[in-house]
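I have a structure here, written as structure tokens, and I will follow up with some questions on it.
Chains here go by letter, A, B, C, D, E and F, matching the order in which they are written, and residues are numbered from 1 within each.
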Amino acid sequence: MLEKFIEKAEVLIESLPYIKTFNKKTFVIKYGGSAMTDDAMKKAVIQDIILLKYIGINPVIIHGGGPMITDYLNKMDVKSTFVNGLRVTDKETMKVVQMVLIGIINQEIVSLLNLFGGKGVGLSGKDASLIVASKKIPDVKFNSEGKKVEPVDFGYVGEIQKINTEIINNLCNEGYIPVIAPIGVGLEGESYNINADEVAGEIAQAIKAEKLIMLSDVDGIYEIPGNKESKINSLTYDKAMHMIQNNQINGGMIPKVKACLTATSGGVKRTHIIDGNERHSLLLEIFTDQGIGTMVIKE
Amino acid sequence: MLEKFIEKAEVLIESLPYIKTFNKKTFVIKYGGSAMTDDAMKKAVIQDIILLKYIGINPVIIHGGGPMITDYLNKMDVKSTFVNGLRVTDKETMKVVQMVLIGIINQEIVSLLNLFGGKGVGLSGKDASLIVASKKIPDVKFNSEGKKVEPVDFGYVGEIQKINTEIINNLCNEGYIPVIAPIGVGLEGESYNINADEVAGEIAQAIKAEKLIMLSDVDGIYEIPGNKESKINSLTYDKAMHMIQNNQINGGMIPKVKACLTATSGGVKRTHIIDGNERHSLLLEIFTDQGIGTMVIKE
Amino acid sequence: MLEKFIEKAEVLIESLPYIKTFNKKTFVIKYGGSAMTDDAMKKAVIQDIILLKYIGINPVIIHGGGPMITDYLNKMDVKSTFVNGLRVTDKETMKVVQMVLIGIINQEIVSLLNLFGGKGVGLSGKDASLIVASKKIPDVKFNSEGKKVEPVDFGYVGEIQKINTEIINNLCNEGYIPVIAPIGVGLEGESYNINADEVAGEIAQAIKAEKLIMLSDVDGIYEIPGNKESKINSLTYDKAMHMIQNNQINGGMIPKVKACLTATSGGVKRTHIIDGNERHSLLLEIFTDQGIGTMVIKE
Amino acid sequence: MLEKFIEKAEVLIESLPYIKTFNKKTFVIKYGGSAMTDDAMKKAVIQDIILLKYIGINPVIIHGGGPMITDYLNKMDVKSTFVNGLRVTDKETMKVVQMVLIGIINQEIVSLLNLFGGKGVGLSGKDASLIVASKKIPDVKFNSEGKKVEPVDFGYVGEIQKINTEIINNLCNEGYIPVIAPIGVGLEGESYNINADEVAGEIAQAIKAEKLIMLSDVDGIYEIPGNKESKINSLTYDKAMHMIQNNQINGGMIPKVKACLTATSGGVKRTHIIDGNERHSLLLEIFTDQGIGTMVIKE
Amino acid sequence: MLEKFIEKAEVLIESLPYIKTFNKKTFVIKYGGSAMTDDAMKKAVIQDIILLKYIGINPVIIHGGGPMITDYLNKMDVKSTFVNGLRVTDKETMKVVQMVLIGIINQEIVSLLNLFGGKGVGLSGKDASLIVASKKIPDVKFNSEGKKVEPVDFGYVGEIQKINTEIINNLCNEGYIPVIAPIGVGLEGESYNINADEVAGEIAQAIKAEKLIMLSDVDGIYEIPGNKESKINSLTYDKAMHMIQNNQINGGMIPKVKACLTATSGGVKRTHIIDGNERHSLLLEIFTDQGIGTMVIKE
Amino acid sequence: MLEKFIEKAEVLIESLPYIKTFNKKTFVIKYGGSAMTDDAMKKAVIQDIILLKYIGINPVIIHGGGPMITDYLNKMDVKSTFVNGLRVTDKETMKVVQMVLIGIINQEIVSLLNLFGGKGVGLSGKDASLIVASKKIPDVKFNSEGKKVEPVDFGYVGEIQKINTEIINNLCNEGYIPVIAPIGVGLEGESYNINADEVAGEIAQAIKAEKLIMLSDVDGIYEIPGNKESKINSLTYDKAMHMIQNNQINGGMIPKVKACLTATSGGVKRTHIIDGNERHSLLLEIFTDQGIGTMVIKE
């Protein structure tokens, strides 16, 4: 029995070099996917984050909220359509998005953090004008006859214009863990629905984070889609862009990879896409040399 | 025309003694009633609050949200019953309460503050465990035969156990205006629906506010209910308790008066119940000697 | 009656955008002319200044003292001559200048500030070596025959060599309002009499003030001297120099305009020459878009 | 020659224990008498004070100004009468007092401090309301027939009501040496002429000085008036009071001794009356165990 | 392999509650015995201490040095005698003690701390007069005939008079780990040899440590000396005193237990005697509820 | 007698200009030679240093320890050889070096500082990794036949790689006087013996000292070796290099001059080589214009 404790102590000691390296650095964590719905996984992620805080790292959490939004839209009988993977967000939809993201999901994460001993504070991009956004203007497209195709109006889907980092820094310095819902605020005070991956990438860049970690439902990026054997450990900008064009990276993985590229191009040293369903994947990625997911770096 | 400006300047100068008196003091403002639904009134209240901030006063806003909650409960087909004026709040209802208060109403106030030049930050009682609460246990009652009446289970209606003021003070000191939704957090992390007046009274007491100002839909308390001529300028604890027992103070005015009594008994110098529908009533109460509503004081 | 109060509150709200713009900025105010002799005007100016302080602006006051100096010179039977508008200042005269400026006028302003709720502290340029000066050397001139004219010896009339801003910044940061008498100190500790307008211009430049406001006895600069209809709202450097050469700007207005040019060339955004006899002209200029006097800007 | 330097170094080393003892303490120095009129003495006193500042002591200077006031009153033909050693100070006289004390004497001390490398800042009791005073009400007296004698109206002769120490502490902490003219300010902003010894005693008490040092024209207090052999080294409260009643202490020495008693009764450890005409008497008193004047202590 | 990492992460998470509890607390660690001579043990202890520092605990190390002192005394042919377990320490012996403790052992610990990523700074009790001591005066004893026995003169064996904690606090706050050699300084600057356990107890008390941990060569205190089965988990003051009198606690364990009693009586919450030879015993004691040695508490 | 005191006060006043000049500057003092062995001289040097601290200068002391090391090596029968004036330092020798420098000499200086009222703290280059060093690699040499001569292995004689100034600055700012033993630490934690003059030069450079003062046993550098009349007051880089090549500067003076050149080339304004046996030579050099030794400057 004593031996078991000694083994445990050894584990703590093994983590020491990593603790030293990341002391007083900031990690932006995109929290999403199944890791946000399964109760055991939620608890594991939250504890990982609090551990990071106590050993001297400043975690900043960005969360999404996809499926629950759909549930509530259905409950309230609000129809919403998707075009090119983006939800067309009219005023009613936007309200539901806001209610679910800020009123339910954000508060649940905050509550868990506090329950397990952290000091979480929920923010939306509207608080202290943290995320200034504008209406997303789709790229102009032309049809086969060379005529401009009338672009889709996505409504309150927003594009990030500016991150006002002051409130994040203030809260981190006072010992809090900021939990951020991906809602932006426009110049008239209107709300915008923004992709959470995008928000994570831009915030990581703006606050000059040491790391950006995207919790996803797959364990990284595969050279050959679907072939787990072909998982890539480390991906450069050029390679990533190439794989997107080749459709090797596709679907929901595209914004994740793009967020990583945004962050690295703005000075974030390392970005990681990892499997949130792997217990303590957050610690594994941080506390081992090889990591477990795919690391996206500048070059 | 020039003369008109001079007159205006005179007004600014007239306000100087009040500005001096309240410099660096904290005002807790319970924002509710029609002042929260009418667009022009909203704008007026928000500007008043920002003006307070700029002239050196720290405003802290508590808001309620009654009617909008009912709307959304209806939209989502969630039934809720009222017993003795309290909404019986089951889990589903609680979620809707939270979505509306935190996701919609709180964010709208924050957004307006920022739009007009303030730096608003939304908080619920769950953020940084600001409002620790427990299930409200109704007073034991006995029926006419002297038998204990089985008490109503109000579900997630909460009673305040503790206010953790740190986050409010931190935000005020950094120049933000905290906007607080009346949701409490229980020991297991569960949410509680708490009367916003109660929250305002307890927070005013906990942060040792200079003033507590309750925006209501009437212009004060009347000696003779309904008789505007009988408005009371200044009300002591004893008198207030007497009037409640006599039913002179009743309905929604009871929690307002009780919140004032909580605050004054905890050291808040002056508490005010004023008419939020009166344009700039917030400034009138603050910048004139006589004020406009009813002042509740300790003795 | 209530309506009148509401109107007043509206005035406060109207001032909000200006309050926001000038928050934490420094205004250098040259206080002089009749605004310094008329009791009602004095009170109005002082209250305006205190209001500025309370709403977050740092006022720094420079005062002159012309007529009272002459009175005391007469009382003490000290003769003084004027050459080209400058008082030839011998040792005796200098003492009287100092006694009147520092002992009487400066202290009166300080006293009024404190009486109306500010925290005024009087300074001369000798305190903490605030204004380092040297003897004014008149420009060499030639007579009609091309011979050098022996220059006038103005005695203790000084030219500013350096502003040591530390004491001003320290006092402003601690909440005081510095009131500065235009006396300079030479390398041997001797006193110099310096034009107050000049001092105001140099101090505004040295402390990187947001605004320099010259209170004068006219309401601005006229295109056609004496013609009030021709008042200029905004004057550029080139235009101002041109008007001085053309004698359109002359007499006591020249040092005022020159002080403005000193300030603007050193980075002060806006400088204003306004009528100190207009009640609350200080607030009018600050709190309205159009202002009331003549604004002198860089270009 | 080298030996001479070594001797000098020995002197510095001898002073070390005193430097250590008084490190970061505050000394209130009443500067007056001939030490203020003789040029060589002035320079010696000023250098002593700057030395104190550089070795870690905070000097605070209070000055008087007697004879020069009389000179200027004569120059300006203002008559003034003395009753019981107090100048009856009407409005005109008060102005001259203020001009001389603040405009001339205070500034001269400030200028000398700066010339020799200190950072002097002049203050009157009006600056930041440092010395709040009220009209001196003479004790009621009765004539030989037992009738109340109509008390003399001393005009603007003031009694200290309150010392607002904030400005002194702020200046000392920022490295300045405050130089204070003994003018008080009344509730209406009016000026009061106050005995400089009294001011020194009250300020020493209010700022909890370590020492109060009164520079006078005699080298201490004599047991037998006029008999230098009978100089008292150390005087207790009771003894001092007794000697005043016995007329052993009289004339201008009474306010000096009383100021010492005020200071000691308020917690100042040691107060000293020394001869300002003795070169470097300030250092002698401070840097030698026996001192040179008379020390007044509590008991 | 991945599973192994997950297990490791679980261990980190298990330690979270302890990390939270001890955040920003100070631990005094008496480092001695075999844990100081075996290379692998040294490394383990040092890593444990650095880990404590990184997770937010302030470790303060006191070390002894017994056997190495004897070695060097022999090398230098300095004879030393022991009386009642105390080394009679003459001047020559004291020098060797100092050389070994400060010059060798202290520096070795500092060097190891820095090698493994900490910031160690060595101190003796002479640095900043940290440990003020005086000559140990043995208790007066009487022989069987009731005559006073001439007490042994232990030479430079010292008794602690005062701990000047300032330097410890300063170093801890700046991120350093102080390593303290048990040498005291007398009023004449002379050195004293002090028992390291005693130093640890007094320092723990003086800096109000959260814990005092004595690393020894046994795994705690036994009810029945030598019987490992009878190890006591928790020992109160009374029980400890009783066991000392009964000789159940004896030899080198007495100063350890007494140091614990000194610390607990001065407010240290928990003191521990643990086996330094058990790998990571420092972490085991801290990170498990039951601990591994004997805990000495107040009552 | 009084006159004698006045003379003493005059001396204090004479030192004022120097005190002002060096206020808040740092002086690195290499303490060595006979000034470290003679009791009276030691006391004189220590008092000088404490006086510097109290008048606002930050002294940093580096000491050597030559002869005492030899004594102890003899006592312990450790043989050591010298090659080119450098002690070949094997492991055993290194231990003795460390014991003597850190355990005895450093602590004695610290103890004297504290005894005379300073707050000394001893450091070696191992504390907080202050002096990072590596094994000294002798220059490659060739014999008369042009063959590479196998270089001498000096063992643990070190070369400075880096000075980590943080601990020096922290201690100075907190009011301590750091006393540094010239031991360096290698990358594996091993100790290195470094020339104390070299350490002084590098530390002076690294902390951007105002002055470096080398206490030696001669009173400066002579143009003609041995001819006191030919003492050089001020020596430039080029001249110094020339004199070393010419053997005019030789023996133990070479590292002293080189240390001065290291310091001046790194921005130290003035470096001085003075006679530590001259009483208070430290003050003489500092407080007189001409100084007493030889000043080495950049050009």
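Assume a residue touches a chain if its C-beta (ideal position, glycine included) is under 8 Å from a C-beta of that chain, and two chains touch if they have at least 3 such contacts.
Predicted model, so just to flag it, every value in this text is computed and none were measured.
Chains that touch both subunit A and subunit D: there are none. Contacts with subunit B and subunit F are shared by no chain at all. With centres taken as mean Cα positions, subunit F sits 36 Å from subunit E.
Centroid to centroid, with C-alpha atoms defining each point, subunit D and subunit E lie 57 Å apart.
Centres computed as Cα averages put subunit A at a distance of 48 Å from subunit E. Multi-chain contact residues of subunit E (touching two or more other chains) are absent. Read around the ring of contacts, with subunit A first and subunit E next, the chains fall in the order A, E, F, D, C, B.
Taken in their complex, subunit A has these residues touching subunit B: 72, 75-77, 95, 98-104, 107, 110-112, 114-115, 119-124, 126-129, 167, 170, 174, 176, 183, 185, 188-189, 191.
Of all the residues in subunit D, the ones that touch subunit F in their complex are 2, 5-6, 8-17, 19-20, 23, 44, 47-48, 50-51, 54-56, 116-117, 278-280, 283-284, 287-288, 292.
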